[in-house]
Amino acid sequence: MKKEENNVQTKESRLVYASESEFEGLNPILEETNLDALLFRGLMRFDQNNKASTDVAESYTVSPDQLTYTFVIKDNIKFHDGKLLTADDFIFTIESILDDKNASFLKADFTEVDSVTKIDDHKLVLKLKHPFAPILDKLTVPILPKHAFENVDMRKAEFNSHPIGAGPYMFDKWDRGTSLTLKAYANFHGTKPSIEKVIFKFIPDSNVRALQLKSGEVDMTLLDPVQVEELEKEKNIKIYAIESADYRGILFNMNKDLWKDVDVRRAFSYATDRTQIVKGILKGYGTEAYSPLQKHAFNNENVEKYVYDIKKAKELLDGAGWKEGQDGFRYKNGDKLAFTITAPVSDTVRVNMANYTAEGFKKIGADVKVDALDWSAITIEETEAFMVGWGSPYDANQHTHILFHTNQSSLTSSGYNFGSYSNAKVDELLDKGRLTTDPEQRKVIYMKFQEELAKDPAFDFIAYEDAVYGINKNLGGVKERILGHHGSGFLWNVEEWKWNDQ
Amino acid sequence: MLLTVENVSKSYRKGNKVLRDIDLSVGEGEIVGLIGESGSGKSTLSRLIMQLEAPETGVISFNGTPVTKRLRKTFYEDCQLVFQNASAALNPSWTVREILMEPLRNSEGDRAAHIRDMLGSVKLTDAHLNRRPSELSGGERQRVNLLRSILVNPKLLVCDEIVSSLDRLIQREIIDLLIELNRETGMAMLFISHDLQVVEYICDRIYIMKDGKIVEESVKVDGEFEFSHTYSKKLFGSMFSRGLV
Amino acid sequence: MLNVDRLTIEIDGKCVVEESAFSVRPGKITSIIGESGSGKSMTIAALLTILPLGAKATGHALFNGRNLLDASKKEMDAIRKTHIFTIFQDAANSFNPSVKMERQLYTFSGGRRGDTVQQFRTKMTGLLDELELSVDILKQYPFELSGGMLQRCMIACALYVAPDLLIADEPTSSLDRVLQKEFIELLKRLNEEQGTTILLITHDLDVVVEVAHEMVVMQAGKVVETGSVATIFKQPGHPYTKRLLDSRF
Amino acid sequence: MKSRKSLAFWCVVLGLIVAMTVFAGLFSTYGPNEMDMDTIYQPPGKGHVLGTDHLGRDVFSRLLEGGKVTLTVAGVSVILSFIIGVLYGGISGYIGGAVDVIMMRFLEALITIPSLILILAFQAFMQGGMWSMALIIGVTGWLVTARIVRSEFIRLKEAEFVKMAKMFGTPMWKIIFGHLLRNSVPAIFVVTLVNFTGAVFIEVSLSFLGIGVPSAIPSWGNMLFYAQNDILIGAWWIGLFPGIMIFLTILAINFIGEVLKDPRRRRLDA
Amino acid sequence: MISKWIGKRVVMGIIVLFIVSFLSFFIMHAAPGDPATAFYGGNAQTLNAAEKERISRVFSLDRPVIVQYGAWLWETVQGNFGYSSKEGRPVSVILFERLPNTLLLFSVTMFFIIVGSIWLGTVAGMKAGSMWDKGLSTISIASSSIPPFWLGILFISFFSVKLGILPSSGTEDVGGDGGLMDKIRHLIMPAAVIILTHVGIYARFLQESIKTESNKYYVLVARANGVAKREIQKGILRNASIPYLNYIGMTIPSFFGGAVIVESLFSWAGLGQLMVKAVMTKDFPLIMGGILSIGLLVVSSLLIIDLVMYGVDPKLRKGAYSK
């Protein structure tokens, strides 16, 4: 009897989210996690349409030259530790991001910032070097409490494992390797959360996640497409298949000589049967991919889509000097046309895609192996080809500049250009796109960028993958919007969620 | 003398002598007995004679020359040992033929024919050749064991309790066989046993051993042994009276 | 005392003892002699109903008028406990290696008769003394004693319980001559002083001549000859008996 | 009699499994890696006798091919461990003395470490193909063989027939092979069988953990590893059949070993 | 007498651990690259200064390997296992977090295996020719032929997926009260898998020992002389338990090995799962620490078994084996 009561009671007020990966720390400017939206708030916040609107900022004004932004901060916002959030905290956050010592992955987003000045505790002015349209998007960056970092090295701060923010939920406890618990923050400035506790349970295995969703041990999780059909039959589960800007592709590591020849990369792009992958591996929860901005307003429909064409692929390889040998594989100067695609073993979809494409590449005479490894055993820069996943629903600059710009090579910067892709035209367009403010102009630039990228592909784009969430049916308040990479952002309005069976 | 053992001692653990100053000899064509109770060191002595272990002191000579490592090979051609436990002395995974071939590795001539000739002398038949030791009875096993040792026509045969674990009936058979061999080929024997009756029956001369020492030597006179040492008297006194026969 | 008639023992369908018949008269020493494998031990096992799995005995074995072969488990337990004592050939293995001698000797002797441990201790001490064994052995484990000592312990138990019938299955083959002689003397004493009936199994004719009054000759599972020792030795009836007698040295 | 029959039965079962996998090419109807997105997760039935998996591969063909991999890994590693074990145990037992003492202490220490843990540690930096896997299992699997060979050698070295052989001047190699090794065969055979089951277990376990043979190569363990994802989906056939194959193989070997272990069948104890 | 004997065993255990440590050191040394990168791979830059200093001090390449080993051993003996390259926390801390779970699983399964196998084995062994006797050997061979993880999968698909009555993984409910019932619910399946796949073999071993023992001469003698059945059975059991205990000792290492798989399957946060994770993430300091601690566990369990043996086997006490 007692036990049951207990169960009902805990069920009412907690939400268990099964998460694939655990994070090393929770400092939002050092590492991106899907807890950021719960723990932190920024001046701005993406709304349901992925448009940046004010949050911590009460209001803002932009100077006509688009170089000066003046923000007024709400005066009643307190961090989880009760300290008031002021302009100083925001300034500290920007400074920390720009501080090389901290090696923040967000630095590139703020390089256009010229200065941030405090007018008073609740008013500040941000000046840009050039007009920079995405800045409002960037200002969704979580604001860190300055007082938590006094006299400490940010990389080693206690904060990283016990964060303090101004979001709807505050840190409760972290059982490394198992779970992390957040609890509702009573003094939150927005909608007060109805669910008392949000627990992130770390389960690397997608199968186990689905299992536990089914058994009710967890309330929500991202599903593999193949699992949907079975879970749909469950009475207590509701499936949200949400369109997302999350694409998969094979990253060509340009440090490998094979990929130096653009025709080889194009050949493999042609030899990828995307339709079958969407059908068989994604079970229809996705679309064939050809561009990193496909889900964006700036999408260029008219680029080379590399529709499955074995004949073309063979011709390209022939042209590139890779001739078919006795054993059916191609050779050039005695070298076999062979490489390995690495994929994270815990991500079954990626492993399946890798296996399927690798098998398909045999048709054009390539001997392709698949290495499914644990994330931590993978150094993407050292692979020959990697099954990547990127995509952002926000500004076009996001997940393009940092992925394809020469300056963002992961070997020389903190950027995410793991394949050391370098194309002067692409660089130029990305730079221009960042600094142009006129939407129409920007569109032209990014359309052009997509064209150039398609001509000289950095990735063999495979498919956009819908984020399929399985959720306890009794959970209400979920608002869909186009999601980002790994279905991130699903929890964006978690403070509005509630248990219907209360 | 064919074999002389002079002044031989042996101990396995310090201060615990298993053999003490053993002197013993076997003449050509002679059957010499060695009796003593369990643990008196008979088997140890036989191992020393056969150079399976080295004596601590003393010399073992064959035909007047001390047996050294170098001479061992020729020594083995003339002197053979038959172990008490026939089952353990035959390689269980070999056939009788293979077993009998082993000592003849280096000899010339038709080895198979030689074996067939000799087989009759221990009352075995060709049919036994293809069997393995486990398929033979205890007596048969001991006969194969014996045959293997006499195949090389040794001048001396050391028999360590070769009949003790057998039935009387089979014992008798084998003992009679040995006597016959001795008569026909003049093969000398050192016959080790704790069975007084057997020793009395087969031997011309006996040594009596106790606690690693030879306490008495006695020669058969008119089919009887005479003893002076008290231990020997006690030993032979414990023989059951012949009663009824 | 014991009348065996038409005793047949089969193991897995194979006949190891066939239609054997003999009797043991009270107060006498009867000896069964025969070569290895002739079925002597099996006969004893059948009498004590301790045959191995798969073995079956038919016929009669009347012990004081009671047929042992169809006695119930309980009855048999009682008979084994009160009337018969058996000494086996292999003394070294006759005791549980991890139980102290005192406990084992008690279960073999005092325990059978319902004596208390105290009673047992006093009586056994005397017996051990008589057998030239030190009392210390009671505190020792079997593996710390020699085969001869263990065999004497068994005899001590036999003396203690003074059974109606003492069965001894080749008790001397593992002993050397000196000990054999001593053991045989003890048997004689037991028979003469306490009048114990003894069934002695052996393959040694010399032993038979030494102690037995009557003898049973077995060959290949069959009893070929019975009678008093003296008559058989004078006039062996069966050719096998003759061969046996001839094989003596 | 009964044991003879069961021996024959299990030998036939094992023989069938081995034959099917060795000649996988003859029996299988599809390429083990042939993928077809139109026929994923087909239950057993027409076309695909044992159904298809998440990439539309034929489970039956993969089962045979996987068996080839698993049994090859196990077989090669067992041969390897056999050689190392016989050498190590043989040297230790034949030479004896201080050499033996040192070698045995070392062996005892090794036996104390769970071999799976050792293999895991090796895997950390040797992760590679099938052959390195066989190598690792072989290199860590000889301990019991060595111990058995050593004790057999020590026992047989003291046997009287070996002493007799020395007296007959039989050369050393013949003593080692004809007397010592040959009479150790039953014991070595049994322990090798046990090793074989152990090797199968280890291969499937490691592959099951995702750190065994590379995922692209089908092996029974790998198939089970991926089959975990299919339980929920209800595709029971993907995990069931490799499991049954592993079970049957090990069961057959265990039963064969059981019969051979029976002392009545061992000449040595005669 | 006993202290001398224990001393001997402990020394043996230490020698074993010594060799284990040497092996784990050797394995790490065989890993490619210089020690700092071999150990910490891509994470070398996030190492703290003290650890960097320790690595360069202990593993300085201009020193001979044996000296490096000595230095490393000295550090290790003092409890300094270095830092996990994945988590950046001290290895010893991580190991200690996992230890209770492994010990719990180990002791619970061992307890049930021993109790179960003694019961089954005794019943089957004492009643020669009965159904128990005949059935047990077949069942035990069959049960030991099932790969534990496969049984685990079947269990999960039945009890967790189909019936939904037992949690499929973990050591306790997240956010739960961490109560006893909760622990037990999580423990049932992993423990059951280990027990079911092992209890048969142990029972069978005991059964065979009892049967061998029952055919011993002394049992026949006792039976022939009317010794009470219970008395005889007690004696048999006592002797049969000696090879049985020996067998347990012999199989303990592989037992720990097998737990690795079950722990991983059920995400039971013990040392075994930790080892697998460490191997997958190439976390070398953690691997070394894991090997050593499992070695220590094995050696100490063996010591306990030795102690029990000492109590049970008088021949050991009297030193009758040394001859």
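Per-chain residue numbering starts at 1, and chain names A, B, C, D and E are given in the order in which the chains are listed.
Assume a residue touches a chain if its C-beta (ideal position, glycine included) is under 8 Å from a C-beta of that chain, and two chains touch if they have at least 3 such contacts.
It should be emphasised that the depicted structure is a prediction, and the values quoted were computed from it without experimental measurement.
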item: Of all other chains, the one whose Cα centre sits farthest from subunit E; value: B
item: Most distant chain from subunit C, judged by the mean position of its C-alpha atoms; value: A
item: Chains most often in contact, by C-beta pairs; value: D-E
item: Whole-Å gap separating subunit C and subunit E, where each centre is the average of the chain's CA atoms; value: 51
item: Length of the line joining the C-alpha centres of subunit A and subunit D, rounded to whole Å; value: 46
item: Averaged-CA centre spacing for the pair subunit D and subunit B, given as whole angstrom; value: 49
item: Two or more partner chains touched - positions in subunit D; value: 210, 228, 231-232
item: Shared interface positions of subunit E, touching two or more other chains; value: 156, 161, 280, 282
item: Chain-chain contacts as defined at top; value: A-D, A-E, B-C, B-D, C-E, D-E
item: Contacting residues of subunit A [partner subunit D, same complex]; value: 205-207, 210-211, 214, 224, 226-227, 229-231, 273, 276-277, 279-281, 345, 348, 351-352, 355-356, 358-360, 369-372
item: Residue ranges of subunit D in contact with subunit E within the complex; value: 105-106, 108-118, 120-125, 197, 201, 204-205, 208-211, 224, 227-228, 231-232, 236, 239, 243, 246-247, 250-251, 254-255, 258
item: Complex interface listing, subunit C residues touching subunit B; value: 35-36, 176-178, 180-181, 184, 203-207, 209-210, 229-230, 233-234, 243-249
item: Residue ranges of subunit E touching subunit A (in the complex, touch as defined); value: 41-42, 46, 48, 86-89, 156, 160-161, 164, 167-171, 173-177, 181, 267, 269, 280-283
item: Contacting residues of subunit A [partner subunit E, same complex]; value: 3, 6, 10, 14, 16, 24, 155-156, 175-179, 181, 197, 199, 201, 203, 208, 211-212, 214-217, 345, 373-374, 376-377, 379
